[in-house]
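The same chain A turns up in both complexes below, where it pairs with chain B and then with chain C.
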Partner chain A sequence: MPGLGSAALVVAFGLVLYAALAGGYAAYRGRRRLLDSATNALYASFASVLLAALVLLAALARHDFTFSYVASHTSHELPLGYTLASFWSGQEGSLLLWLLVLTGIGSAAVALNRRLIRTVLPWTVPILGAIASFFALLLVFVASPFATQVAPADGAGMNPSLQNPYMLAHPPLLYLGYVGLTIPFAFAMGALASGRADERWIIATRRWTLASWTFLGFAILLGAKWAYEEVGWGGWYAWDPVENAALMPWLVATAYLHSVMVQEKKNMLRVWNAVLVAGAFCLSLFGTFLTRSGVINSIHSFTQSSIGAWFLGFIAVVAGASTALILYRLPLLRSRTRLESLISREAAFLYNNLFLVAFALTVLWGVIYPLVSEAVRGVAVTVGAPYYDFFGIAFGLPLVLLMGIGPLIAWRRASLRALGRSLLWPAGTAVIVGILLLLGGAGSSPAGLVGYTFASFVLAAIVLEFVRGTRARHALGDGSWFASFTSLVGRNRRRYGGYVVHAAIVLLLVGAVGIGGFGTTREAKLAQGQSLQVGDYTLTYLGSQQERAANSQELRARLAVSRGGDDLGTVLAGKNRYFAEQQTSNEVAIRSDWLRAEDLFVIADQFNPDGSVFVKALVNPLVNLIWLAGLLFVAGSLITLWPDAREQRRLARRFAEEGALARA
Partner chain B sequence: MARRRSPARLVIALSVAAALAIFLVYTALAGGTPSLRPSQVAGHDGRVSVAGKVVGQPSGAARSPDGLRFTIRDVEGSATLPVVYRGSVPDLFRTGRDVSVEGSLRNGVFVADKLVTKCPSKYTNKPA
Partner chain C sequence: METVAVLLAVLLAVAAVAFVARPFLAEPEPEDDRIGSLTPAEQERLRLLERRDRALGALKELEFDHRTGKIADADYEASVGPLRREAAEAMRALEPQTASVPEPVEKVDAPA
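What follows is the complex of A and B.
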């Protein structure tokens, strides 16, 4: 069986290498039949990688400990779901998942745009092949998931912290996001290499980019939810390098999604978009590198991982080749139109881009700063949360403001007077909300107060847009108000789906500001019967209990919760001791109150021999909005992604016209 | 005419970028905590973070006045540093793990109030 897996990977390596080399030759010399052959090799490589993946899955399901990978990531006691999920809990399996997703969606994107690629963008196929070759090379020669050993009696098991449903879903979604960014990259570079700098590659990849960006964003939030429940320090995002690794490509992809609309509508920002798409892809590689190489957490042991240097080399090659290609095609990328006014929709998009990219670069700087400072000054210096918080606020607040202004401002050239008129209602709402919050005592966190004022400004602007659009449709006699509303959204999916995503970001902001600016923390050592006051809650320690579960011993502290004299029941917080893994895992108690929109978060930090327990308790206001924002984010993305026949026809017409113009 | 205007904008954009870059470098140099190896800690008075491998058996309890006592060693080397830690102990803390502690050196003992273990996804649990 391991032989079959290895063989399938070798075959896949050969196929993607052929797709890269033969495809490159075919694109260079304009040989269509050879290009078809390279394309078919790409499709076949997916089947071959899929076979390898199935071999590994089967080995996991059978607990075949002759596979080193299976033995070091699972055990007999591990439940089946987690056993199968061990596929992506180690380095080799993760790489295999990368290659599987890459060949899968690469083949699908090529198959769906086959005519476009044959005639206009032949270089896309060899570029996809070359990227896949790198991962196949690693899997065959450096980090094979099919290494064998003499089977031990039992495996090492899975890290208890990873035994959480959110961790089942987080890595594959994250990889879908990372790998998905390969598609716009390959098409963009394919367009440049093929000398076709028109907007067709953008149209072809719009949904792929959006979908990858959605997966990436949702995966980041799932990871945050996991950290909130399982790591259990009371927060949801800690600016850890591993978290930042996913945030950076998401920020750059967000910038790209916005600026690409300007290129689609106005033919502007072409160089900038090519740079962004290459940047997003490089950052997604860098993200994989960060999480997999261990370079940042343990900066002194660079050789620890077998793939770190390979990844750095590959990122350098990708960055260098993209830069060279963009410079080489610079004359082709010159815009036909220019920015007419600094007060216009185009300019608003540009500002949004500058802030997003500046933020991403700030985060990148913070992540690599230990390496930079060690090289320059001899001492590695890490920057902590204050650095990221400061720039998050400095760049985040203007971005939020732009989110409210951008959709209301006219294309090309807007007058300040007209802009002022359309902003009157949202700004008025924001001022009123701000004053009310100040009177309500929200002034304790100035940044939080500003954040909430801006958030209400954006929300009011979004609601206003929906109301105006629905009223206009209703006035056209489109039946009931509800029918007017649905037809409004249905006919302008990209626009109104985008507004829903904006609303989700505002919700996220409200939640993040709530937990960051207005939370309460208390801690105390409690003997049986003693109480701890946190916020409006009183926690009384009732005693401890022990239970034996399938693969762990569960120790819990029982605490009675009351608020203002009302008994709210008990919560259990404690620790699990896992046998196979010989490790403890903190199990926090979270009591969500949806009406008050706050969480009571209880950590039983230490059980003392004298029967007392050390408890840390937090009240996290509005944290639930963060998770709600994740669902709304996906809903908004789905609206924009939904196929739209009208739009397809319009685009087809547009390119038919442009083609005619170009020929004339 | 449109062409003549754009260089000015480019200059503005570049200067904004440069100002930001200088600002970034400045704040990053002024803020931040030095991260050291146990062998480098001697001589640093201020707050530093130290990364190393836990050796020997930890003793005491982190949520008691005496704190949790353990020793860390250079990941690749032999210099060691005794540590006293008070606070929450992460799940992954135990002998043999790579950890990072933050605090300052007092009378030859490193007094820490922050303890971080490496990200769990990188661990392979060795059978005992």
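What follows is the complex of A and C.
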């Protein structure tokens, strides 16, 4: 029923446009019932978009090739999971997912803060409506997923690279992250438009921001895991433009999550925070533009389309309007509080912000420079890994150091002596670890040695924070040491959940340094029975085999693996030939050793007529810590996100006092 | 099939319009249709509430940092006085009759 899908989108477009225009008029003229009506339009738009999404999902499940979208992205032989996932593998479906998530979480955020919006932040609804109107307009007039055609016998299938389990979760999580950043943006701009300089919008959006940031961060890692397994070059992050597209808003959102604490505690950085919120949202739009427009060659970009100009125009409007609003409200935002000392927690947050934003801007320049070069000079250039690696180290190492130093400094001011005393244990640990690593032969990679030394510094600082805090709680009579520890974390989930996230970043650093600085690669053409030595592994080529899978023909090289004389079984590496798609994909073999956290990574690149095969094998030390870091990152975020009953009670008392002020 | 689709689409549009119009159809009409906004005096009170909470939070933070050895005695002494004064001033301005200088926090929470 493509007609029903199209109609649902048209209705949704009308509703979000009404939410934007009527909501804007209501906010401007102070009309409550009109604002309520606009809010209802936002809620109803979600139901309408959901109906459109269900129509598309049903068409996918039924292989209804009268839908052009279904015919272009699926085939009869495509397994059901991937068939349903093709909802977001194409441009039109991706845009529909954007709108679905936006109207869904926008409605939820508005419903949960309805009283606040009705009384003090009325502009939030029209801002959400305006953003949703842009996506609905694209879906109705430019890129409809409900275009029809005469049904072909079979569809074109799905790009083989997308046929990976991680692609079932990566795009939706990425979009939850991208779209989630709309919420702090809409509330922040709503507060500015309403002339509110207080921190209610921050409190209202705290969890939304943190959740979006978590989704985005976890999605980046899932994307890296997909690239590691599916693209098969042996690495995990290639500074690809589309990978960078997700990294940039995440970096800026990370800066915001730190600097907003300074605003909450010291009433400082209010202009800066408004700029960061707007910047993170614009970068999330830019990320969607990069992925969907096809303007940049990328291993992740699966589309060439005409929506690029629309996106660029919308980003320009959002950036321009946000800048104008922030400038207009500058007198309201300016803080009279000053930094008391350059050695203080807030100063550390400021340094951290400068490095994070500088890094994000550096990445942005690397992404857009090829476009600028081509537009201005007509010369196509690429910005390669060395550029990003250089700035990654230049900005990353100070950031890692700050992760260790920041938590050990007090707010307001700290003397150098107190700071020195706090740093004694972490610095001592780092020096000892550095010496041990040097003695163990880690000096072969100076960058790796520095990375591990810094990582041990941060980990020691985190452990010290937990130990000191637990001791303080124990001294206050919180019972057993374990009770003191749980009480410490439970009484301040934001701080200690944040430390767990820091530990995850350190784990990621250790894994990244391991694979980047201490990996081994060997390649050879092997005839049957011949062996290849890589690290302490021996690979022996046993022969090739072919099998027919549901939608592809699988060709594999069978290789026996041994280490130190121990037989570790066989691995299968090769290629898949997809029937409907008429494409071939590399299928690598990965043998993980979880005790060592390392992978043996095997690529069978070329099968020769004489029966030999060209094999490339890598030993990726500590790479599995990167994936483990993803789980720890989520655990830390969950601790931070978990509702705190004491905090809720405190806020309820405070809002009750404020509520008496507002004529609800 | 297409007839069903058209009927469903019409139903959707009608339901959406009814839902959007609901605030105007509610009986009885509200006496005041204005969106609440704060007077300058109310805004000042809100500012004082935030200032009070910020100062009390900072006092807790300071106590905890001092207890965990993160802040030296001299720095603690230099900071605690102004913070208590700030909290007291905000409380006094909010409730002139009952405000007093807060006592040092006895049971210390790990602050944000």
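The criterion applied here is as follows: the second predicted complex is superposed on the first by the 639 of 664 C-alpha atoms of A that agree within 3 Å, B and C clash if a C-alpha of one lies under 4 Å from a C-alpha of the other, contacts with A are read in each partner's own complex, and residues count from 1 in each chain.
Keep this in mind: contacts are C-beta pairs under 8 Å (C-beta built on N, C-alpha and C of every residue); 3 or more make two chains touch, one makes a residue touch a chain.
Please read all numbers here as calculations on a predicted model, not as lab measurements.
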| message | On the A-aligned overlay, A:R494 touches which partner chain: chain B = first, chain C = second, or both, or neither? | response | second
| query | Now for A:A550: first (chain B), second (chain C), both, or neither, which partner does it touch? | reply | neither
| task | Could you tell me if A:L439 is touching chain B, chain C, both of them or neither one (first, second, both, neither)? | result | neither
| task | Pick one for A:L80: touches chain B only (first), chain C only (second), both, or neither. | result | neither
| field | In the complex with chain A, residue positions of chain B that touch it | value | 2-3, 6, 9, 13, 16, 20, 24, 27-28, 31-37, 40, 49, 51, 61-64, 75-76, 88-89, 91-92, 94, 98, 100, 118-128
| message | Help me check something: in the complex, which residues belonging to chain A touch chain C? | response | 1, 3-4, 7-8, 11, 14-15, 18, 26-27, 30-37, 40-41, 43-44, 47-48, 51, 118-120, 122, 198-199, 261, 264-267, 408-415, 417-418, 421-422, 468-469, 471-473, 475-476, 488, 491-492, 494-496, 646, 654, 657-658, 661-664
| remark: In the complex, chain A touches chain B at residues 72-73, 89-90, 152, 154-162, 171, 231, 233, 240, 242, 291-292, 294, 297-301, 338-340, 354, 358, 362, 365-366, 369-370, 373, 379-384, 386-387, 390, 525, 580-586, 603, 605-606, 608, 614, 616
| field | Touching residues on chain C, where the partner in the complex is chain A | value | 1-2, 4-6, 8-9, 12-13, 15-16, 19-24, 30, 32-38, 42, 45-47, 49-51, 53-54, 57-58, 61-62, 64-65, 67-72, 74-75, 78-79, 107-112
